[in-house]
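Every chain is named by a letter (A, B, C, D, E and F) in the order it is written, and numbering of its residues begins at 1.
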Amino acid sequence: MNYLEEPSNSFIRDEKDKKIKDFEKSIPLIGIPWDWSTAGKPGARFAPQSIRNELYSLRTDVYELNEIKFGFNDLGNVRISPGDLNETSRRIISVCDDVFKKIKEKNPVIFLGGDHSITKSILLSLSKFYNKIGLIIFDAHYDLREVKEGLTSGSWLNELLKDNKEKFNVIEIGISNYSNPSYMKEIAKKYGIKVFYRDQIIDDLKDVFYEINKVKENTDGIYISIDMDHLDQSFAPGVNSPTALGMYPHETIKIINEITRNSKILGIDTTEVSPPYDINNNTSRLAAKLLLYSINSYLGNKNG
Amino acid sequence: MNYLEEPSNSFIRDEKDKKIKDFEKSIPLIGIPWDWSTAGKPGARFAPQSIRNELYSLRTDVYELNEIKFGFNDLGNVRISPGDLNETSRRIISVCDDVFKKIKEKNPVIFLGGDHSITKSILLSLSKFYNKIGLIIFDAHYDLREVKEGLTSGSWLNELLKDNKEKFNVIEIGISNYSNPSYMKEIAKKYGIKVFYRDQIIDDLKDVFYEINKVKENTDGIYISIDMDHLDQSFAPGVNSPTALGMYPHETIKIINEITRNSKILGIDTTEVSPPYDINNNTSRLAAKLLLYSINSYLGNKNG
Amino acid sequence: MNYLEEPSNSFIRDEKDKKIKDFEKSIPLIGIPWDWSTAGKPGARFAPQSIRNELYSLRTDVYELNEIKFGFNDLGNVRISPGDLNETSRRIISVCDDVFKKIKEKNPVIFLGGDHSITKSILLSLSKFYNKIGLIIFDAHYDLREVKEGLTSGSWLNELLKDNKEKFNVIEIGISNYSNPSYMKEIAKKYGIKVFYRDQIIDDLKDVFYEINKVKENTDGIYISIDMDHLDQSFAPGVNSPTALGMYPHETIKIINEITRNSKILGIDTTEVSPPYDINNNTSRLAAKLLLYSINSYLGNKNG
Amino acid sequence: MNYLEEPSNSFIRDEKDKKIKDFEKSIPLIGIPWDWSTAGKPGARFAPQSIRNELYSLRTDVYELNEIKFGFNDLGNVRISPGDLNETSRRIISVCDDVFKKIKEKNPVIFLGGDHSITKSILLSLSKFYNKIGLIIFDAHYDLREVKEGLTSGSWLNELLKDNKEKFNVIEIGISNYSNPSYMKEIAKKYGIKVFYRDQIIDDLKDVFYEINKVKENTDGIYISIDMDHLDQSFAPGVNSPTALGMYPHETIKIINEITRNSKILGIDTTEVSPPYDINNNTSRLAAKLLLYSINSYLGNKNG
Amino acid sequence: MNYLEEPSNSFIRDEKDKKIKDFEKSIPLIGIPWDWSTAGKPGARFAPQSIRNELYSLRTDVYELNEIKFGFNDLGNVRISPGDLNETSRRIISVCDDVFKKIKEKNPVIFLGGDHSITKSILLSLSKFYNKIGLIIFDAHYDLREVKEGLTSGSWLNELLKDNKEKFNVIEIGISNYSNPSYMKEIAKKYGIKVFYRDQIIDDLKDVFYEINKVKENTDGIYISIDMDHLDQSFAPGVNSPTALGMYPHETIKIINEITRNSKILGIDTTEVSPPYDINNNTSRLAAKLLLYSINSYLGNKNG
Amino acid sequence: MNYLEEPSNSFIRDEKDKKIKDFEKSIPLIGIPWDWSTAGKPGARFAPQSIRNELYSLRTDVYELNEIKFGFNDLGNVRISPGDLNETSRRIISVCDDVFKKIKEKNPVIFLGGDHSITKSILLSLSKFYNKIGLIIFDAHYDLREVKEGLTSGSWLNELLKDNKEKFNVIEIGISNYSNPSYMKEIAKKYGIKVFYRDQIIDDLKDVFYEINKVKENTDGIYISIDMDHLDQSFAPGVNSPTALGMYPHETIKIINEITRNSKILGIDTTEVSPPYDINNNTSRLAAKLLLYSINSYLGNKNG
């Protein structure tokens, strides 16, 4: 029975075509299919699988840098407890504790959300291993809400910083006009967060680059959190809360290149992708490519 | 400024065209936008509004029976606590306690879910007011799961009956082959539930009518719970868990006509509609019509 | 340059495969792309082309009857005047006058709507040529509204009969519960319309067959008007006003077979298809097949 | 019954989250659900409700300017007469006469179309109150057609200027190559319209800024008309006539900022959104944000 | 790291919930992702994975019969050679030769197409192992075309029988009016195929049952080929060539029950599903359930 | 019968509105509905008709240049042999031989693909008529694969250059990171292809302009091949292989303007559009406009 092969939807018979999954599995990858904190368009629970599909179909060729030399050590998904944020958070932290302990001083860990509330748990773990973490967030929203009850992925950063303000230097990039309550400006100020509105960086990236480099100098390492809704809804239609007049993906790439230059990247996540609202899987495909750009820009810079 | 009117999407200028909302508001209507127990395709949180839109666009003419003479006393939505099942359940019960108390001996109360877990809370309240309730459920699934952790709308009936077995005479109609774990058959037997598989009633409704009438005789009143996924996925595409080879809506109508004949209907719910997965709002439109058929068949029979 | 051919989306190289368009062009076909009377979901202006596409891809083989022997004499579309009902109506009548005059005593004329208001103009023309016309309408709605102002495809039958009551014997088949204002029942009575609700014919077609045959005996010929929304929304999703709990297409076929048996068919229309709301062109495809069934059942019966 | 609340699809429990609708209702807002002049993709009749939904979910925070301090005085929709352009036009003018009279010397009035033909009626009213109006139109099309019969939203500007040329200084921004008949160039010249093709402003906005400022100086106030199809179809998929190679929304924002600087804005409309063709409501969401940007840029500049 | 698990999109934590994949792997399953013979709507290449996803999410409970006791021995996909029908056919035959040899006298082999042309290759292999095979095909089309050049999945049966007429007793069920060229009737007669039009079995299955039983008696075993387009397009929207007025799935189930009663089933395939055209994966979900009904009806009958 | 007209979906009654099809038919246009080499998302077989629809609805007005003065000499589609690449290739070459012979020294020939493999056949013909051809390709992919078996539209350029390296000066523009196997870089080098990654031209077009002009000087004429997937997936969603972080269409326009300035354009194709995956026909509409920009920029420059 020579003509049977593992099922797939790929039909190119090119034996020299290496994909990401064909390389040394050096970059830990963890999915977190949690979307029970979503107040808007649920569905991010399906994103870890959807982004993986796209990630594993990417190839190795890249401009300027050498070709990709790494692969993912795919650890699977955190076994979330559906509807139970506390228990799920405990498990995320437990998994992260193990992974960050092992990986320390080496490669960044990649997380596939899930809604943005997962980032709080990841950072609660990460902060056990470093004194000062540079936290650079791409987001149309502050995520600094103070909710009276219930869950929302729009409050995690406030909850994180309430007790851990001194552990993080935070930059938020891509905040969208008319998409946040006004009281957040004060809370951001209280926590010393550097905020860059989308309209602030459309003509010039100098200011955001300046702050990024200050954070790189003053911290032990950088964590990048990519809420896909920082991108314009035409590029990222499949998200919990789509953004009109959002950022363009090539802007994100330029900023990521600056972040990863001569820095130490501890972890990267991509969150808030909601596949049921996506168009031809565009948002998952874009998330996958942003991750690969980030990692490769970092490793290429580090090793080059 | 004579030419301004309340915004709407309706463009028929027919002054004699009465809609449901134009009548005496005698039937209480309550939305419960909870879908955090959904393990499959989330989105039922949007169904109360979506079904209302369809319900309020229906008209009054009907075959055989006199025209509709009732309207809805729309009490709004239960203020759910996003992600918090216990608190939300407490609130549903609190609201129901008030409503059932007032409405007693009069009209049925209509509930717009939400995922199916809401029915448990409604019935916990209802069971305070009646000794023996006939519970007739349309569903492709037993909803008798025993989950180890987390939430699912597939376990509420088990949880309800665990402590309240003696309060309910239960019939489940439309159970779908290959859509349930086998261990549920035993649990159904333990609780004395009469089960009708979809394939069992395709040629003949005599057996199910017989059991319905036994329940009508032996209880103080009937509660009808319509999980829209008991219908074939071609008729009900917009549900949490679509059913291939499900029931046809005219079968449901015939069974509802038998249930409401010479009976006392305490409440009716429709659950599991997930508008983001719907086609042209078909599933919400069908849910709205099933509700109106149910109420009118009941009131027409009662008053006629 | 032998390898060039007329552009098409068809890729079967079967030279013996005759299609409808390959036969003697004996059945007049006219499109009427008017949907400016639509109060609901506009788009029927695109239906004549969409139904044509499906009609011309159908084949000739059929059960029992001999194979198809006719083709369409496609006269094109009536040049409607966008937004101007009166002028458009005048043109439809003018075109119909010419066609009915020529075709008299021969084959039925086929009309592709457009919203249902077009049928009024067609019948105003047709009534010049016959003393008594049997008008058999498939529709979820009475179309007997009295609107105070503005346009709607829900009033044409009332407007037609107001001045021409004695010219038509009317049967309406498929009226849907809760989809019409109650005052229409009286208007139907006033005009002597025989009404069959959808629920009235689900178990037995005897009564509707009886009335059909009475109309066949007492008129000079039959006009069949098929408003596609008489069908359940799962079969006909792409319509102006979708119908939950509507008819099934095989019921329509059986009734059409009875209508065309030993009768004289003057014309057939299909209306209210709205392609922008359709799924994979299903509603246009179904409309095309219903037309072919109607014509062939008629001609097969007549000639056989 | 404390746990009941007004039905909604919003699930964030943030009491400090003020939305547009929570503020002093100082900006008049009027919907005009007319799309019977649409020759292309109908559906703009649904846009007033669709854009309202998005507008009322926007928040108050904004970069640089102070937070929003105004709300909308939502006057509802003009009661259009379906299919009757003349009567509808009369009503729009009547409503506008009342509103412009009251609002004079204060805030701009916001109009939610509807197809672009509505703008003619608005301006016929507005021109009663001002000697010279600066009319700045974002559009991929000239809208200067001379149609022989029927309706189209592509002729309103010609019809307006025919008798009112001297009342308006007109700039058209975003005209798309290969999307207009060539004879329009002459008509534009005849009316003295300044035309900026989309390709003309992609590298440099200086020229368009220059003309804008000339118009601001030479008129009594500015009316901004935003036909959403001036934007590229990837940003505005849900329109009557989508534009390939159209403008990017950040260009529109920059131009609007220049228009509102030190000017007097009399009214703003957004037209041609066709929700049935939209993707995840993106076009309505973008229209809502463009409106808020326009108003706030104006009021912030005026008050700041 | 206890909280990591294999990635999935399933979120029910029910340990007693056995799925098909949890059982003894006794039924061979082979995917054949070939759709290069599709002349209509390509995409069946993606169906093997899409149907597998649905198949593996089905459960074990079933009415009347005992619960499922078998699982699939999933052999993966045949490594098709994209675009090369001859080579692909050789490989399908090679794989089938191996599998049929091993499985002989035991369980049926399940095939997931792919377009219908794959069935020819399967049967060319199967006919090496049996003298006389009963071939029962559900299809809206004869698949007996004689094409002058090029590929189509509408000619495979003709090509198969041309040289192997005596090896097969063929029944075709569900042939659709106006969907086939008329010359096919003669070819079917030439090959002695028993043909049942869709309209022929809508009221009564007696005749088709009679022929099925004759085939069961006169052959060494039965092969069932389910072209999903025999079903009405409302139930099976995601197919190469959708069928208006097609069969209803409960009819298919009743016929399959008759086929599998006291018979020997050699193989079953499902073909022509085109996932890119599907609605919420309905067609794949239905195909999966038809397969399970077929197998279980057979094994339950055999073992019971 | 004055009011009948040829069927269409267009409803503007503007007699002065000339469309492309109204002009002298001087530019040969050929469709090639072949997609059997597609390894990804099939459907390009439908693109020639889909792009034609858009092309023929475009108008004549254009910025700066004079209005359009040419029309298309639409030769129809090459009669492809479904599934047979060799035979289809032979026919494409045969058609092209005839057309290029006649058109020599005059206008460019326009080709509507089809998948990208068609370009190889076109160029095999074209190279018979010119010594040295400048081949400028817009593509996210190298299309230089060496496949072991089967078809893919990702290998045609390698196959072309293998035996014809000296006939072509090749530039590839828009190559996307992580979308190609790394071994392609070497093959490109071997063939002397100038490669411009998408990221290489985002800030500055000088380098690509320099190479374009070198090619113009050193060849007998230019062939432009536009694989629509070189564009970002938000602009070109309907393609075989969508590209995240792809080019923006205005960049393509600027490059095309440079290519056509003082050059000799021999032919232009657009390939890889897959209508079944498209959004509101956006990708076909964009392809049509890119073609018109290309031709008009060329002819305007040449004649101006």
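Simple rule for what comes next: a contact is a pair of C-beta atoms (placed from the backbone, for glycine too) under 8 Å apart; a residue touches a chain by one contact, two chains touch by 3 or more.
Just so we're clear, the structure is a prediction, and the values are computed from it rather than from any experiment.
Between the contact lists of chain B and chain E, the overlap consists of A, C. The chains in contact with chain D as well as with chain E are A, B, C, F. Greatest Cα centroid separation from chain B: this falls to F. Of all chains, the one whose Cα centroid sits at the greatest distance from that of chain D is E. Note: Cα superposition of chain E onto chain F, rotation of 180 degrees, nearest 5. Taking the options B-D, E-F or B-E in turn, the interface that duplicates B-C in more than half of its contact pairs by residue number is B-E. Under half of the residue numbers at the chain C-chain E interface are used by both copies of the sequence.
The distance from the centre of chain A to the centre of chain F, with each centre set as the mean of the Cα atoms, comes to 37 Å.
In whole angstrom, the spacing between the mean C-alpha positions of chain A and chain B is 41.
Put simply, the C-alpha centre of chain B and that of chain F have 56 angstrom between them.
Listed for chain D are residues 11-13, 39, 45, 80-82, 149-150, 152, 234, 277, 279, each touching two or more other chains. Contact between chains, per the stated criterion, is found for A-B, A-D, A-E, A-F, B-C, B-D, B-E, C-D, C-E, C-F, D-F, E-F.
Those residues of chain D whose C-beta lies close enough to touch chain A in the complex are 10-18, 58-63, 67-68, 234-235, 249-250, 253, 279-280, 282, 285-286, 288-289, 292-293, 296. Within the complex formed with chain C, the residues of chain E that make contact are 39-40, 145-150, 152, 154, 175, 177-185, 197, 199-200, 202, 232-234, 237, 242, 244-245, 277, 279. Partner chain E is touched in their complex by these residues of chain A: 1-9, 11-13, 30-31, 33, 45-46, 48-49, 52, 74-82, 91-92, 94-95, 98-99.
Per the touch definition, chain A reaches chain B in the complex via residues 35-37, 39, 41-43, 45, 80-85, 87, 149-152, 276-277.
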